[in-house]
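Structures for review follow.
Two complexes come next, and they have one chain in common, chain A, joined by chain B in the first and chain C in the second.
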Partner chain A sequence: MARMKFLCDAERCIECNACVTACKNENEVPWGINRRRVVTINDGEPGERSLSVACMHCSDPPCLAVCPVDVFYQTEEGVVLHSKDLCIGCGYCFYACPFGAPQFPQVGNFGSRGKMDKCTFCAGGPEENHSAAEFKKYGRNRLAEGKLPLCAEMCATKALLAGDGDVVSDIYRERVVQRGFGSGAWGWGRAYPGPQG
Partner chain B sequence: MARAILSARWGSAFRAALACLAVLLSLACATADPAGAQSSVRPPANAVTSATPRPDALRSTAPSRGVQPTDVTGGRVPGNALGSRSSAEMWQALRRGVTGTVSIPDRNAALLVQSQGETWRALRTGPIPLWSAIALGATFALLVVFFLVRGRIRIDSGLSGRTITRFNDLERMAHWLLAVSFLVLAITGLTITFGKTVLIPILGKEAFSIAAAWGKWLHNYVAFAFMAGLVLVFVIWVKDNLLSLYDFVWIAKGGGLLVKGVHPPAKKFNFGQKVIFWLVLLGGLSLSLSGLALLFPFSFSLFADTFALLNRIGFDLPTELAPVQEMQLATLWHAIVAYGLLCVIIAHIYIGTIGMEGAFSAMGSGEVDLNWAKEHHSLWVEEVQKAEPGAGESASRQAAPAE
Partner chain C sequence: MRQSGRNAQRHTHPLWDSPDPRPATGDRRPGPTSRDDRWPGNEGGKRRRSLCLGALMALAMLMAFPGLAHARGGPNASASPAPGTLVGHGGPVRAVRFDPARRRLLTCSFDYSMLYWDPFADPPRRLRRFGDYEGAVNAVAFLPDGKRALSAGDDGRVYLHDLEDGKLILRLKGHTGKIVSLAVSPDGRTAASASWDRTVRLWDLEKGAPGPVLRGHRGPVNAVAFSRDGSAVFTAGYDGTIRLWSSSTGDQLRIVYKHGWGINVLERLPRIEGVTTGGQLLFGALDGTAGIVDVATGKRIRTLKKHEGPVLALALIDKPGLAATGGGDGVIRVYRIGDWARLEEHHNPYGPIWAMAFAKRGSRIYYGGLDDFVTLWQVSPRKPFERVASRYPRRFQVGKSSAPSLGERQFARKCSICHTLTRDGKNRAGPTLHGLFGRKAGSLPGYPYSKALKESGIVWTEETVRKLFALGPEHYTPGSKMPLQKITDTKARDALIRFLKTATAPVAAAAPDPGKPEPGKAAQ
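Let's turn to the complex of A and B:
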């Protein structure tokens, strides 16, 4: 069974935001929610880098660990999904996530959070595959169609890679060898690398 | 499946042909150049490039070879910038929470990695539930021991049958507003901390989720009743809760709690009650402020401001906090203060109900037995009777028809 991973190659990302747009369109993400975003470091300065970031589908999901109502689950392919039926919108997953992946629509008064929304690796949710309920709550289930997340599939510079972690890392390793220099395989593996990381 | 899709992107016939050509070329180069295939994908040694120069490439640009260096920076990007080489420092800085820029409206999203989330997770899944459970358990255990040793604190001189008004309607309304709202907040708060381990195995995820969702709404809205109660209680009782000389006598005699028949003098509130009052007010204030910070996410810099104040008196705390750090600290602090205050309140409930005979009616009907009042609040009884002679007598006349 493949272990699904995202990898964004900072040497290739040109901050075109096509992945952000593709995600919003494909999954019909509600207003105010960004499942994916592009962060630019040192914008306009020499050494500028951009990274597309969404849920990294970590091996030790902190969101799953802290959720007080236990809505998260990890599929056999390593994709971290959650049930919007069970979510109470407490925001704990957002505090625990290193990448700011969980998003909350504002409903009601104050800053009241609605049910959490995040990148599903285009793998839907606990509803039946391709059902209307699944699409409404979680967006497209491309994985069940044998397709990979649209953000990576349509990345023009192939900076954003998605798929079997072994294949993705092979491609990335080839690139590093070809380029003759390395780069941090960003957000790869565990959410928090620990004291040595 | 995924492998097939990925490779499909690389595998058009045209690309395959190109790849074959590249392999042939590199083989040809390998025979000619001992540096091997590597040089086939590299520019010539004297070319202008932003790639990491190999040591021999650097040497080759030396004037001794008779070739003028075309790039004075030796292959580096001008301006001593990173160029297209990776920088361990940059990635480490990102791990430490460097903020970039984003083009979406949510500016908080510009923070790429917040490593404090690890600390938050560790505290939230470990020490917070563990120590709050220990604190609550220890409070219960102490009260049980106290009850077994001391028993119910009786009115030593027995019931007089005459009562005196201890708390009027406004005072009782304020107390119960605060008390009921606190209990609702405490129970819904406990649900968030312990529900996953205690209630989900009993109720199942679906039922617990419904309960927790209701709990969240109750917690958010009842909070305002709690804050109103806090203000009322402060305004009504602050004058009676200032430290007085009698309090030292009360402390010296252990409040008369430990020995039967000992009743140190007290005004309206004894020292123990004053401690509860100030703990509730300060704890309640702290809970309200951190709670408001959570209720209006990313709106306040509560902890940065508090840390700045604390730094003035010699602390060395960070004052540059990312919005998500403010929220993390608010949740942690909110939980710590809440469980501390809950322990205090459990002890308060004990002494106001089963722990002491005649105490509950003070907050129930508002009337207390005169003998109880004389034993526990002797100076207050004198004050009341001086101000309105016959206090305690009138109550007995009201009670007369029933006898």
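Let's turn to the complex of A and C:
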């Protein structure tokens, strides 16, 4: 079974935000939030880099550890999904995530209890595959269609890679051999620590 | 009870014995300056190795008897608090603040309450409980007089309480999202609240009236602080910016600093003669960065040691001039303001650190996180063995192997954060489920139910509990305080109900509760 992973090559990202738009459109993400965003560090200064960031589907997800109501689960492919039925909007996953992935829409009881929303690796959620309920809550289930996340598919510079971790790391390794390590794949080591990732 | 094996390792920069960047003043702590005098058991500055025997024994017990820790009261219930631990909350602790004199402490929690403490009594004494909230309480701030305090949380309202008589003075409405940070102007007349609705609101505390609304952040606002003279407000948020606003008009004056990654916490550094001007900000970000930003230039002038997780808590004290950062990695680092020497480091292996505050002279830090209690860490002098009372797994962290049945696991992982099964409700966010079946909804004495639930006319039976989780509280008990939650998996739902039928029955619940009863808490 493939272990699905994201990798953002900071040497290639040009901050075009196509990944953000593709995700938003494909999954009909609620108003006011983005599941994916582009973070620019050292903005306007030497060493400026941009990174496309969303849930990295960590091997040992810190969000899963702190959730008080058992919202998260990992699929056999290593994708971290969550149940919006169970989520109580406490925000603890937001505090745990080193990537700032969990998002909270501006609607809900008391205005604050909106269900958490995040990248699903275009793999839907606990509802039946391709059901209307799944799409409404979690967006498109492209993985069940044999496709990869649209953000990576759309990336013009192939800065954002998604798919089987072994294949992704092989591609990145070839790049490193050609050009040297550079600023690296930010977050890869944090999301997938250890030799097995 | 266990010892933290990674603690008590740094002793190369005791608080008062290395070169002090400040001129000698009367503010400096008197007394011995020899490290050996200050750090018993740390002769010659050699590194100590803390023992992990407690942790290993607890782990062995858990492996041998996986269901043991979860039994009834949950894993936390059997934790005996270390000396100085503040026990009383019924859920994770999100904020810890000392009063200006650093004698009294306020803490607030997921349990819909704020507690007022005398932490120096032996044992620490809970002076008052404030339970006016309709959601988790996330932020607290004392007014300069130390007798009143602001608090706010998930219900989006700002509460002003008189701490001496316990009365609610003001309840300010305006935010449409949860409030996560509060600040009070130096003159005590204006309050600022930062919310995930992407705004910061200013409030006139004398008139009890709303003031300017600060709009401009492109994401949740996580932190707010006043300038030294109160004329300006600094805010920081998920969009990675620190912004400067006029507190009189609410106009954005400029973006002070762009970090890229979201900024979680922000504090203005105190003015310390010859060291700081009061024009620097200490921030912590979700990428683990903690740093100092100079407001005038907008430059990061110092970067502190990076945390292995988001930075979620900061603490400052002007005498003797210390700052601390705490993170999702369970690490607290104490620095000396000025030369930013890292003086001490504490690891809670079960993390995270969500809130902390220095006691007087900076000799202690009280910190909170996922535990139901506030932990005391003695910064100076360090203790030879530092007990960390946190336990893992906590009651809501049990895995499949720890819960004997599907129903019990459902309770542990979906309900236990808010409810107990015993007579003692343990101050949790929801009422105890003891004797649930056959009980009229909203009828348990002592629990502050919503009007909607009290008037719902529901009697809890297998059928009504099934409906509650099938439809969700927003449809079945609209207007109640219960968070929106459904269990759509019929197998899991039925298993939960079967478990609850047995576990909440009065005869079953009459068994001794392994949990230590909360001091002073009457049985419900």
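The rule we apply is simple: the second predicted complex is superposed on the first by the 180 of 197 C-alpha atoms of A that agree within 3 Å, B and C clash if a C-alpha of one lies under 4 Å from a C-alpha of the other, contacts with A are read in each partner's own complex, and residues count from 1 in each chain.
By definition in this document, a contact is a pair of C-beta atoms (placed from the backbone, for glycine too) under 8 Å apart; a residue touches a chain by one contact, two chains touch by 3 or more.
Note that the structure is a prediction, hence the values are computed from the model and not measured.
For the composite obtained by superposing both complexes on chain A, the positions of chain B and chain C are in clash.
Residue contacts after overlaying the shared chain place A:L148 against chain B, while chain C stays out of touching range.
Legend: residue contacts after superposition of the two complexes on their common chain; A:C97 is shown touching both chain B and chain C. Counting residues of chain A touched by each partner, chain B versus chain C, the larger count belongs to B. The superposed model puts chain C in the path of chain B at one of 5-13, 77-85, 167-175 or 185-193, which is 185-193. Where the contact sets of chain A with chain B and with chain C meet, they give residues 39-43, 62, 65-70, 85-92, 95-100, 110-113.
Against chain A, in their complex, chain C makes its touches with residues 92, 110, 134-136, 154-156, 175-178, 196-198, 220, 238, 240, 258-262, 264, 286-288, 309-310, 312, 328, 352, 354, 370, 396-397, 413-414, 417, 472, 474, 483-488.
Every residue of chain B that touches chain A in the complex is listed here, in rising order: 1-3, 5-7, 9, 41-42, 51-52, 77, 79, 81-88, 90-91, 94-95, 98, 100-106, 108-115, 117-118, 120-121, 124-125, 191-193, 195-196, 200, 205-206, 208-209, 212-213, 215-216, 220, 295-299, 324, 327-328, 331. Chain contact summary for the complex, chain A toward chain C: residues 39-43, 62, 65-70, 85-92, 95-100, 104, 106, 108-113, 115.
Within the complex, the chain A residues that touch chain B are 2, 4, 11, 15, 17, 20, 32, 34, 37-43, 45-47, 49, 51, 53, 62, 65-71, 85-92, 94-100, 110-113, 146-148, 158, 163-164, 166-168, 171, 178-184, 186-187, 191-192, 197.
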